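Take a look at the structure set out below.
Note that the chains take the letters A, B and C in the order they are written out, and that residue 1 is the start of every chain.
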Amino acid sequence: MLWTVARIEIKNLLAETSVWLVAVLLAAAVAYAGWTGSRAVAVDRQAAVSALTEQDSRLKALHARMLRSEAIGQAAQSGDDPADPVVVGRELAAQLAILPLSPLAAVAVGQRDLASASVRITTDGPQGRTSSGETALAGPTRLMTGAFDLAFVFMSLLPLVIIVLTYDLLSSERERGTLALVLAQPVSLATFVLGKALLRGVLLCGVTVVLAALATLPSAPDLMTGDGALHLGLYVAVVVGYALFWFAAAVAINVAGFSSATNALALVGLWLALVVVMPGMVQVAVQVAHPPPSRVELVNLTRAAASEIEAELSALQGEHSAAVQGTADDSALAAAKRIVVAQEALEHRAAPVMIAFATQLAAQQALLDTLRFLSPAIVVHEAMGEVAGSGAHRLQQFASQVDAFQARWRAFFFARVRAHQRLTSADHAALPRFVFREEPRATLGWRVGAGLLGLLVPTLLLVSFAAIVLRRSSRPA
Amino acid sequence: MIRVVAVKELRELLRDGRFRLAAAVVLGLLLAALVFGWRHAQAVKAERTAAQSIARAAWTGQGDKNPHIAAHYGMYVFKPAGVLAFVDPGADPYLGVTLKLEAHKQQLPQDAPAQDGTAIDRFGQLSAAAVLQLLVPLLIIALGFASWSGERERGTLRQLAATGVLPRRLLAGKALGLALTLALLLVPVALVATATVVAAGESATAARLAVLLGAYAAYFGVIIAVTLAASAWAQSSRAALVALLGFWCVTTLVVPRLASDAAGRLLPLPTAAALAQAVHSTLATGLPNGLPREEHIDTLSKALLAKHGFAGAETMMDDALLQGLELQAEAEYENAVFDHHVGAVMTSMAHQEQVGQWAAIASPMLAIRLLSMALAGTDFDHHRAFGRQAEAYRRGLVGAMNDDFARNAGAAGWQYKANRKLWHQAVPFAYRPAAVDQVLRDQQVALAMLALWAVGATLAAVLVSRRMQVL
Amino acid sequence: MAAVLEAIALRKTYGDVVALHGLDLSIEAGEIFCLLGANGAGKTTTIQLFLGFIAPSAGSARIVGLDVATHALQTKQSIAYIPENVMLYPNLTGIENLEFFTTLAGRRAIGRAGLVEILTRAGLAADAAGRRVSGYSKGMRQKVGIAMAMAKGARALLLDEPTSGLDPKGSNEFSRLLQSMSADGVGVLMATHDIFRSKEIGARVGIMKHGQLVACMGTEDLSHRDLERIYLEHMHD
């Protein structure tokens, strides 16, 4: 019986030009998004590689210079002295910390275009730390509009495609009058709807899986590396779960017995509520609950603290370079030590605000992790960022690892400054190197898994609603 | 006749429970967005005004020092929020706010608010502009998709046609009915918003708001015409609805992203690191196709000497004067380098925005979005104007400091210290947003596209309704 | 002979509005029963109650002795329904539509050739049966409806104004088909406005008014004129 209904459904679907049109449009959007995404990733990857290559050769040259000057036994010019811990830590050996691109980076740009995924690390404090900007600049409208990436296609467009294909699943039969003839047969409404829905559901899942997987083909080589397979699995599961949610919503509204036009409006209204309105409200809630400190005030705060210390600092730096230029190593190193002390005093003032930024952002993210369950679209948005390695969690980890690394970096140089030591070639060989440590795969798996649950639960609710309504009624009218 | 039709349409719509629900939701969101936007804008304004006066105090209270050292110390300026940011925050969240003005460096504004946000911000703010650009068109579509096709399906269209009314009269009546319904909803909100702005004592802003409201009215007119055309053209109400929802989805979701994607592809921007590197190396060597650095500075300083009437008299001048002029020559050289590199990036960004204006040919929403941002003072053009004015101010400030060095240092040379009198001579920086007519000139392509849509959609509605089948 | 369609004190109310006042009716195999009456008299309600599309407020509708309310699916094995407009899937051919509905009814074994033969018997030419339904006239669609009833082997036929809007020739053909089915032992309940046609084919005629069966008579000994007179008398308040 189910098969009979399903077979007629296939014939009806295939005869419908709009089905083909919509399917082709979706495929085109997915293909375009997959292609641009992988190209952008390739460009970023290339930029990171060349930046790191450039850094390697810079550090090698520095090391060589150090060896030479040790051999000659003569200090180089001030500001360019490979043995001066102040200059080397601040300038000559500056380290790039780059967040590696995940295997599925092409799926979602996420926060990658905003947050600094590459940082130039020196002994200067965190507020003086600059993004090294290894990604292309983007115009404000582009940032505001967002990228045409796979996350966008699946989060925003896929539901609309599902709506177009299923809004009149049952209502069209009712309006055409065929439903009355069907129900004059020994078939229950539930069987009929199930037959129609099962077929479309299976088709939908199949098409979605194929499209989602095909879209990542350009990234195929990367998928073999690291947690690529896990990310791919989670990503496909999220897309399919989201598709099923929308499909269940369409079935539920059809079962409720409205006209096709009402169904379409209600579904688009639901889309608007979940993809536009609810995220807007959650955004407001997050901002109100945990407002970030003011950057503008931070500027004045550091400025005020700096101007108190600045006079001293600039005098010290002058003294330092004068001393280095001269022969008196001791006085140079003493001056360097005082620079370090002054710098730490300055940072001490700004530290509470810097910490406030970090804690507020973490609190915002924690709240968002809960509030995301209010809308499957938010769940998908977050999950896409996670599997693409451009989500807030990974960027936060990067930021905190950079903080930790910088502390190590400064400790390395400041210890030598305090001990009045000049750097040796052994020190150069032992410079700290930044390596990003990914979080355990289980942590990511659990977070995305919770998101999947956030898709599954509303889907099941909708399905059970439809089942209850179907059991109660068999009316075609 | 038109009025009779319009009143009938209005009456039908107002009695429709679905409309009342949808209208209440849209109105609620719009009001909430406006109130929230207003409060946020006021808070931002207060914060930046306060910060600006602190920054000014830091400049004037910096103590006695050499004027060139003072130029190094520099001054922070903060970009005021767009005048109508409470209606349309536009690109403001993605644009830098704080800008340090100092010698030898042209900085770009830093600290864009979006940097301190979570991924949820990328859904876009639920601002009044978003409600007007996204939700209201959908409301119009929901109201009007069955305007013709529903009459045909009910059979009332036959009776209307039998009365001998001209189709275009009917069309005008239907359009008017829709417009009146919408006006009933939005005009009170617009009046309240205008009253608030006028009460805040900003008449220039009120002028912008008036133009903004006009632009939105035109946009809604386009959507009404498109809706009526589709309703008349489609075989059934269902088909009309699906076609209109497709139109909405493509014009508000797909085209804007494709357009910004295309703009980024057509006019690629360098990475921040590459830009910094280019500026750095050009500063050290010399402009491409130009003189090497030293010769260039030499030329500039000769010109300065000539300007001040010292040409050929270098040997007789005191050191400080010469040094002051040389510092200024160096600053002018740096300015040329900044103009070359940073200017090129800014021009590329402006061209990217221009691509967006042209892409409005495929989406009226893109046109109104750009116009709305521009009139609210929250688009890239305003940001760029702020950057330009601040840079001009920086150059003036650095010039004044170098000039003071040259004139007054005398034998003291680098030991010479200026005092607060000089710091106070620098008038505070004040950003002046462009006048309305300038904004409209900048947005002429977007305006033309909106007009094109208005004419095209109206023509389509008229033509389709004339040829419409009654049965 | 046993009744194939039977209404026992069948009542349907919508809030305060009574659509059907305790209808008692029995139609036997091979019998054609025509329900006459003004719009809103309760004819369609009666048919929908037999179809189980609406639930009775009291009493019961029975098909081959089974209560529709409790045996929703079994009763549908035995009936066929032809509405005023037989609506089919426009993108499928007549044969495909018939095949679909017949399979739903549980008659798989007929096969393509059998279906074509049935359609031919119902008066639809074989070449027309292979074309998409979107190009069919109303008469052709009604013939597919009859074919559906034949293929299903229905024992009772429920018709809701099936001939309204058909031209006289089509209407006549339709009546012939009905008569041949009733000769095969199918019980027919037809709601109609066509007094002339009811007399032509009907063994019995019932007149409904305000949800009640106000008259019930055999038509053999009545002339058309008599029938119309009786009908109009009942329509007077």
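Throughout what follows, contacts are C-beta pairs under 8 Å (C-beta built on N, C-alpha and C of every residue); 3 or more make two chains touch, one makes a residue touch a chain.
Being a predicted model, the structure only gives us computed values, none of them experimental.
Closest to the middle of the protein, by Cα centroid, lies chain A. The greatest centre-to-centre distance from subunit C, using averaged C-alpha positions, is reached by B.
Centre to centre, using the average C-alpha position, subunit A and subunit B are separated by 27 Å. As a whole-number value, the distance joining the C-alpha centres of subunit A and subunit C reads 64 Å. Centre-to-centre, using mean CA coordinates, subunit B is 69 Å away from subunit C.
Of all residues in subunit C, only 48, 51-54, 72-74, 76-77, 79-81, 83, 85-92, 96, 100-101, 103-106, 145, 148, 152, 158 touch subunit A in the complex they form.
Residues of subunit A that touch subunit C in their complex: 1, 4-5, 7-8, 11-12, 15-16, 176-178, 180-188, 474-477.
Of all residues in subunit A, only 18, 29, 36, 47, 51, 110-111, 114-115, 118, 131-148, 152, 156-157, 160, 164, 168, 172, 260-262, 264-265, 268-269, 272, 275-277, 279-284, 286-287, 292, 294-297, 299-300, 303-304, 307, 310, 357, 360-361, 364-365, 368, 377-378, 381-382, 385, 391-392 touch subunit B in the complex they form. Here subunit B touches subunit A in the complex through residues 18, 22, 29, 36, 47-48, 51, 54-55, 58, 62, 73, 76, 78, 90-91, 93-95, 97-98, 111-126, 130, 134-135, 138, 142, 145-146, 237-238, 241-242, 245-246, 249, 253-254, 256-261, 263-264, 268-273, 275-276, 345, 349, 352-353, 356, 379-380, 383, going by the rule given at the top.
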